[in-house]
């Protein structure tokens, strides 16, 4: 009964019924433009008092890796190669018009020129604003990643069911 | 407290608790097949009395541009080139099997042959049915687009936070 | 008023207010990695007592086709070719790093090596666990598919509006 009024509100954003204004995002994509959307939505929601939870899974796990560039992380040669191909946050492609890496650069240029935060700045800001960052247990298992491979701001490693329960009563997006 | 029963329902679709049956879509993709999904979902929901809000952002902004074909719109050469590459509604690729533009043509053919509305018809119908179309402020800023670049049916330019608040209490999809 | 407390709960997962803990997924994508996400989310939610509904549409319809490999299914030559290009469940590409079919193989290898269920196993398990599988009426119409082309576990053919109504009061994802 996560939405019942007879339970204490779980945080200060809760309404009369104990329902929380909450945005939860399953960040599956590793594309630069989609990750920008993840953080822009998260930051916007935080600005108006929402609780924001981001669950990084599969390609999205790149975003919270310690090592930002391409690196051989992983528990065996195959996952190491996979990790290298995926790259880190600086290597994320756009979902269209990647042009061997030029796409993200154009975006970064446009964003900086227009004083809009870049993805790296958005990640920093997300951490500063207290957005909850979670890593997907199963994807870590498949890709051979450990909690130590991620930035320390990652709050917890969760299973999908736990994340869905955490997201109850709010808006949940798959990006 | 957007869901509180003590507030007047915001529209006639509201239930006993003042909650609205509502579908909100963040239309991020510029792919033909995904845009078809956006409008098909929106139209279907409208047909059964839902309030439908569509928030166009990034590649999705193509859909609501005045100029339908490829055109140089934007405030400087770089955004002009970006706008040209993105093209207008007639230039949207499918997310798979694009074949240099053949993909959407096959879809259009299949849809017309089966008396299913084409994307252009869906946009027209969406406007006629009173689906609320919004443009994303930040994406417009980054891509150098102004409200005048869009079709007049665009109801408003909104920030992401405002759109999320508008979407409270309904189903929200990121497409 | 699907969320009203004065209506009988529709299933045993319903809370005090008759609201159901429910996960609904619009499975639009035909990509191997995204389909894995669909079933992983569905299975995880089922494990903690959620009602899970999956609505297969467009590329996602591949997943529930009888014939698993590439096959000429469809009512005319054009939809037959389309069906062949799409292939069946064994032919789904990953959304990145497909390498002419190697991507899914690497995933399958990684998943099997780590004792995580493969996509085929997830589909089997989903059926066994009573996850509700639906096919999108309009997409079937456009692609020339009939109910007989799908696995018998498909519960029903639905329009988008009916699926959205079925999803009311839960978390709905577009994947």
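When the chains are written out, they are named A, B and C in that same order, and each has its own residue count from 1.
Quick note on the criterion: a contact is a pair of C-beta atoms (placed from the backbone, for glycine too) under 8 Å apart; a residue touches a chain by one contact, two chains touch by 3 or more.
Just so it is clear, the structure is predicted and the values come from calculations on it, not from any experiment.
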For this session: Rotation angle, subunit B onto subunit C: superpose the C-alpha atoms of these two copies and give the value as a multiple of 5 degrees.
Result: 120
Exercise. Any idea if subunit A and subunit B meet via the same residues, over half in common, or different ones?
Worked result: different
Problem set entry | Centre-to-centre distance between subunit B and subunit A (centres being mean Cα positions), rounded to whole Å | 24
Problem set entry | Residues within subunit A bordering two or more other chains | 172-174
Seminar exercise, completed: Note: in the complex, subunit C contacts subunit B through residues 1-4, 6, 26, 28-30, 57-59, 78-79, 82, 85, 93, 138, 141-144, 159-161, 164-165, 167-168, 172-174
Seminar exercise, completed: Per the touch rule, the subunit B residues reaching subunit C in their complex are 15-17, 19, 21, 23, 33-34, 37, 40-41, 44-45, 47-48, 50, 95-97, 106-107, 109-111, 114, 116, 171-175
